[in-house]
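What follows is chain A paired twice: with chain B in the first complex and chain C in the second.
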Partner chain A sequence: MNVPGVRFRPLKALPALLNRSRATPRPCYVSKWLQSRGLQVSTAPPANAVPLRKHLKDEAKRKKADAKGLGGPRRDGAVTARLQKWELTVGIEVHAELNTACKLFSSATAASGDITAVPNSNVAAFDAALPGSQPQFQVATLLPALRAAIALGCDVQRKSGWDRKHYFHWDQPNGYQITQYYQPFAKDGTLKLTAEDGVPREDLLGAHSLSIGIKQIQMEQDTAKTSHHPPSNYHIDYNRSGHPLIEIITLPHIHSPQTAAAVVRKLQGLLKAIDACTTGMELGGLRADVNVSVRQRGTTGSLSYSGVAGLGQRTEIKNLSSFKAVEDAIVAERDRQISVLEAGGAIAGETRGWSLGSTETKRLRGKEGEVDYRYMPDADLPPLFIGNDLIDHLRSSLPELPDATMERVQREYGLTEKDARTIVALDNGERLEFMEATEELLQPRLPTNDSLELGRMAGNWVLHEIGGFLTANSLSWSDLKMYPIDLADIIAYLARGEITSRTAKQLLEYANDGSTSRGIGDLIHDLGLQRRPLSDDEYTELARTIMNENPGMVAAIKEKGQKGKIMWFVGQMMRRGEEETIEPEKAKEVVERILAD
Partner chain B sequence: MALQCLPLRSALRCRPIPSLRRNLTRFNSTTPSPIDVAALLSKPTWSVTSLLTAASPSTSTITSAITSKQLHHLLRLSALPPPASEAEVSGLLASLSQHLYFVNEIQSVDTTAVEPLQGLRDETKQGEKESELGLEALKEALGKEKVVGRYHRRIRRVRDGVKGKGREGVEEEMGDVMDAAARNGSHMQKYATARRSAWEAWTGQKRSSGKEEMCGAGFSVMH
Partner chain C sequence: MLAVRCRPSSFCSLRRVLLKHHVRAEKAPTGRAPLFHTSTRVAKAGVNDTLIGKYIAVKDNIVTADQPTIASSRILDGYTSPFDATVVKQLRAAGAAISSKASLDEFGMGSHSQTAFEGAVRSPFTRNGEALSPGGSSGGSAVAVVDKSAWAALGTDTGGSVRLPAAYCGVVGFKPSYGRLSRWGVIQYANSLDTVGVLAGSVADAESVFEKLDHHDARDPTSLPATVRKRLMPCNKEKPGPLRIGIPREYNISELTPPVHDTWISALSALRSAGHTLVPVSLPTTRQALSAYYVLAPAEASSNLAKYDGIRYGQRTPGSDASPAEGLPLYAKTRGEGFGEEVRQRILLGAYALSSEAIDNYFIQAQKVRRLVQRDFDRVFIARNPLIEPTEMPELEGVAAVDILITPTAPTLPPTIAELKRQTSVESYMLDVFTVPASLAGLPAISVPVPLSPALGDSMDKHDVRSVGIQILGQFGTDSLVLHAAKVLEGIYARP
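For the complex of A and B:
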């Protein structure tokens, strides 16, 4: 049968692929980044702000499309052949600023991540190294440090010492940094990573999780902050001088750049969850140095590090300040080392630097310029003795670690792994708190549903509906005015079928208005938002209207007996009627009744 | 009681000091031979000067002389200016080798199983127990934390914005410290500034990039 007006069209997708726009950063993330550096966002955030999950999905689709494009398979082939021949080994040293009130050896305020503090206002005599000033260990700094050690499963040493690491620099007023070189306060921990944390399949080797050994954790002082004012001026802010840091040193158990980035990401999440380090990498609260070496698979190198033997010569890359930088720098350094070794050269043990947007690491300092730190025990400070009762107390009162929280959320609330991960990480756990409160309030309201279903409903609403509402109105979680009880009421009314889903979304906006203090029930009653089921006559009237408009279809059913087209009428009625007020079974019944006579 | 004697002691055990002999009774049967104490003390068996220079070149235990390259390295580590003339170099090398001789003599003492002294403190078990930081010591800090959330409990440190106070009896003056340092006429009161060119001139070396490179110490304002 020739159906006029229908033609086959060429694949419409092709032009779209050709002028596919470059990925634009998500508006609110960029503006937050700019804001944190005191720069103004010149334009208001665009009205078409994209919700996060949609943005992520679009990005993933675009990446896949890119990979399928030109040169994809060829490039992958060359790279994987190289990687099959050479094995990468990475060790990471993470420096994290502790969340404390005072600095490590003086009682000046430790303004961690506080960009509004006046420069050089929190400087005590020892931080400025005035002659005659003495360090005094501030015991409160032990709490976040011990929590970090316990969360990473380390053995906390009863006795640990303070050592001086000597080098001259304008941001180190004493001429030495006080650290714990000979006797760190915690040793031998582990960090577990799974595929969902970002570990590639080849690294897991069939196991469920990968265990990275933590060699030690030590406490040390931070240096002052330097800002460069070209051409030759440097401004130095001593607020940060003497701030407590912990240095977490991993063993060289990492064998891919993605795993390295995953380790740093996981550490940041862990430290944030236990309130040990609340400023992230973007704000400079967490810094990573990586040690990279390669060796041919099947051979063993001649060097070893802390019990891991058979490694090649390593180079150190300093001052990496984002997860992407960690991954990119390791890839660039690995490629450089492989190129040098394949050309017959040897790797020199040097220190290299990486800047954003580079393709290769840059040499900072060679071995002949290696600094001799002349470590020596600090004579001004007594050794640190940590009592077992304190360790036991902190271990028993440690907050739930992110892994355990995600697992619990999946088990008790029925969320998917991805949703669980998102909700645990968002808004410092506030969203999860809201969801749990909502679920508890839903139980008496919907007693017939089981708790997993309620959990799923609550999770969906908190993550997607409220999330969408916040993004659409460019709000943050702290601007939310509704309470869990409001959300529980909305979900309960909707689940019982007393309101439509469009009404539910409307109620969400009312609840966040701040102008009304009425409960949801009152709102529904006052505004008359209950779903009103249609009467028989209304069904009949609607059916007849549609039938009068489509005599051909009616004829087809009556004369030719094409019963399938009844559902077409039901569909039209549902589309025509007020949203969700038409019940399909009743509509079908009515249509059949009308057609029968 | 004195049966287990150190070899040195046994020589003097049965010999009371002659000058006090009048007041002492003998406690044992061996006849003491008179000691010429004055003779004993007239010839020193050891002098502190033995630590300063080698008695003869053959007894010198220093194996390697210090090279000029090592000297320059040490001067850079200490941020001291390089020597100006050859005479200064040889003078420095000579005094350094004397220092090293001294250190070597000191190192000849047997210190196996002896922990080096790091600081003067109470090293008894009781003393260590007292300096242990336990729950009592951290009670105040633990009190400044609160638990947030009823379902998903988290710990948060209370930030009450109180400026850190000095320990009792000692005032930590914030801000004043920096004022004192910047008082020599800087127009940028808030920041301590540093100029790269000034260091280069002072150390006579080109500064290469990298945080760990040795630069002049101090944060004072330079013009």
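For the complex of A and C:
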């Protein structure tokens, strides 16, 4: 299509701050050499990955059930009574892989999301813990971490440090993970959630939104990826080893499984929106640990976590890899704890595991099996100093956050909250950009309409008309061939009454079937698609025909004075007449004139 | 341009000698053959460069791409690094040839070089027929210099590991300030203390090697950056003149043996006669420094040695590590068999010092002592510590302030191997009492051999080392001043 002008700009152009020092050895050396040790795996898709579509579907189902007042699946009377007696408290730790060009402490490519990468091909000396290698902090990895901290409203610390957390595991080449235990880089943030984010009404307590405290965010290294080949072989891929992560720790401010899932979902959306993170839970880019405790309502427990006092003994469930797993694991653990307590037992502070599809959490290790991590400052790494100038710069260049975008779309384009949420969430924001461009092009075309009207029109078309067209033809957004200027033309012709809405829909198909490169104006002209108004005689003829067919109705109006029936004739005319050629006012005028004769 | 090429053939016999002295030949892994030939381009301006064609032995905890590097540990048996350490690269670039990889105490943990997996290092000196300790942990490097199979050698010094073998073998051993020489490629023992050092026959030779290596390296995050190096410049330009020499009272300990004591006193008197000023000073935390060192070094070692699991390289005990029989924890077999006794002991000590129940009383306390040790030094040196903010600098001792300190390197002459076997761990740790403080504070320190007095010398076996290591310490960054003072001391005893 030969259209001047608007093509959407590339989204979120990442300032590629590739700070590559000439670090040796080149990653491939190490890779070759690792491969000579036979440390190679065939990449397998991550276990437990639930496809995004299925997630969304489940989510929609759950919301529907929630709206009906069921408040979640399988909630019978007994469960409700139980939950009225016991209060759940949850804190979450989310580990998110940062979107960076290189690893945290080496210049090797950080391509852990790239499942096509040859195993052990992106590995520098330090990532494989070769003797004599040292960490080199890659400053560029700090940027996405800082964006996350700013987006979550954290206090970024001027000085933070690096500590070693020791434990043996084959996915941990150094025998320790470098993290920020004593001095994290960001503290004291908040995450705001509304009912639309999936928070149940009873958690909102009548307020519009709920604030969950963020205790801290720390940077740390990811582990290598292992795959188990039973009975006792493990294959290790060090591509992920040393990939930068942030760990986001919430305060125990969460009181329902649905809210917990909503927190993780919201964090994922936020991290994606600011480009801190590219792979979501479905690809293993995000993992969550949850701390769960219960106490009887109206009582205070004797324990305190992260400064929140009065809580019951908590357990930790590690490594949850989907929103559903977060929710289901908390439901199961809550119910287990209540049962134990009601039976007169006590909760042990322990670490538990959860596998998808199960109904119970499983004990992994108790207090006695706890690892003493022997945290020690890493003497090789100087403290991290973050200047205010950098924070200010990042704050001013931070992409708009999803909540702010939604609010703006409602305010500036007059969309409903539901439509605004949808258009912001769909297709990586491309629909939103398309709509914005269309609205801008509509302004000179329909100068008498205000921008809210134009916005609503553009939004309606982008969401519903184009959406319907794509669904009907089993296409996806990326298959769309038209440009915003085409849509603006269609809407403008339609709004001026120059084409019918059926024609408008037809034009949508023409503009996207790839059969033509002509503009909308040319198409209308060449194919004779303009709406043709009826002449006065044609109106009269149509009215008379209908009246002749319905003498009873005519009599009712003429003799009994039932004026309301005039509109029945108008309706009939509109049904009979060629689509959208009958203007109701004109039709009424004609019917009244004939009846008055 | 000038190309330097050393023919490999002429070194075959030399190689056998080397292996005999430093590495037990039968355990020497194949490929350990020293690679003597080197092809190096040297700029015209560098034709008179001191290192061209010189043979330099490298301690086996410094990685080389052309020969195995096993840090004298079974757990690294057969390991060849895919890269050269920065210091090795610098030596090669300066035209030197790496003549051999010198044995050490496993991972540098020891003072006598007797714990190497490939076999103990033998000192060329004996006392009444009994073998003497060559000192450690850079014992192989010291012996290579003594028997002239290498012109100079690189060692590493964590708590005295360059200075002690230099003292026991009668050569010069220089430990520069922490951060001046790159540690990229140096196998870590206690990384906040580990320092690459130089052993050589004379101070001038040690200095010429040091100068080639004294550059910032971006690969070592603890390498002093150019900005700090610039601040060190004033110290370096100090005009040679009469020195103010401090004598720390706390170093006159009861364990000091008469030959060491007398040689120390005679060296000091000779310096005074040469016009230098002697000043008694006090370093009150000297004793605690040793205890702090033996908490901190094992703690860091337990962390740094956690990477040796037999998975990616090195020795691995056959069988499953993932689900070991007998309820052993992960890697217990591989690590139990791969590490020697001393290394296992220090890993356990260090793991305890970092455990949640002990960290406050051990690791944290030791860090505080370390800071006190540094403040002790900052109080007595005229030169200010460039790493400390001026506001945090302790009050200077005024009239008592000095340029350098002179102490013995070790309290005794080298013990015989037989005596060592009767020592407890604590007795042998005691030997490090004079070397450890400089390590904790990261100061430059050098051990210079001072001959025994004729009377003492005549009374001893002529196969004995017949010299005492005298240590010179300076403020952080005053490496040139320390080397200058070492030349002064060396000059007093030079034969006309």
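General remarks:
Quick note on the criterion: the second predicted complex is superposed on the first by the 456 of 597 C-alpha atoms of A that agree within 3 Å, B and C clash if a C-alpha of one lies under 4 Å from a C-alpha of the other, contacts with A are read in each partner's own complex, and residues count from 1 in each chain.
We adopt the following convention: contacts are C-beta pairs under 8 Å (C-beta built on N, C-alpha and C of every residue); 3 or more make two chains touch, one makes a residue touch a chain.
Predicted, not measured: the structure shown is a model, and the values here were computed from it.
Looking at the shared chain after the overlay, A:Arg164 reaches chain C, while chain B stays out of its contact range. Once chain A of one complex is fitted onto chain A of the other, the partner contacts of A:Tyr176 are limited to chain C, with no touch recorded for chain B. Chain A is touched at more residues by one of its partners, and among chain B and chain C that partner is B. Once the two complexes are laid over each other on the shared chain, residue contacts for A:Asp380 go to chain B and to chain C alike. In the superposition on chain A, no contact is made by A:Val79 with either chain B or chain C. With both structures placed on the common chain, the touch criterion links A:Ala309 to neither chain B nor chain C. With both structures placed on the common chain, the touch criterion links A:Ala555 to neither chain B nor chain C. By the document's definition of touching, both partners, chain B and chain C, reach A:Gln136.
Shared contact residues of chain A with chain B and chain C: 125, 128, 130, 136, 166, 168-170, 173, 175, 232, 234, 236, 372, 374, 379-382. Chain A makes touch with chain B in their complex at residues 99-103, 106-110, 118-125, 127-128, 130, 136, 139-140, 142-143, 159, 161, 166-170, 173, 175, 224, 232-238, 273-275, 318-319, 351, 353, 364-365, 369, 371-372, 374, 377, 379-390, 393, 397, 399-400, 405, 428-430, 432-433, 436-437, 440. Of all the residues in chain C, the ones that touch chain A in their complex are 62-63, 69, 71, 76, 79, 81-83, 85, 183-188, 191-192, 218-222, 299-300, 302-303, 305-309, 311-313, 320-323, 329-331, 351, 354-356, 359, 363. Within the complex, the chain A residues that touch chain C are 21-25, 29-30, 33-34, 37, 39, 125, 128-137, 164, 166, 168-170, 173-176, 232, 234, 236, 372, 374-376, 379-382. Within the complex formed with chain A, the residues of chain B that make contact are 73, 77, 79, 116, 118-119, 121, 128, 131-135, 137-138, 140-142, 144-145, 149-157, 159, 163-167, 172-175, 177-178, 181, 188, 190-197, 208-219.
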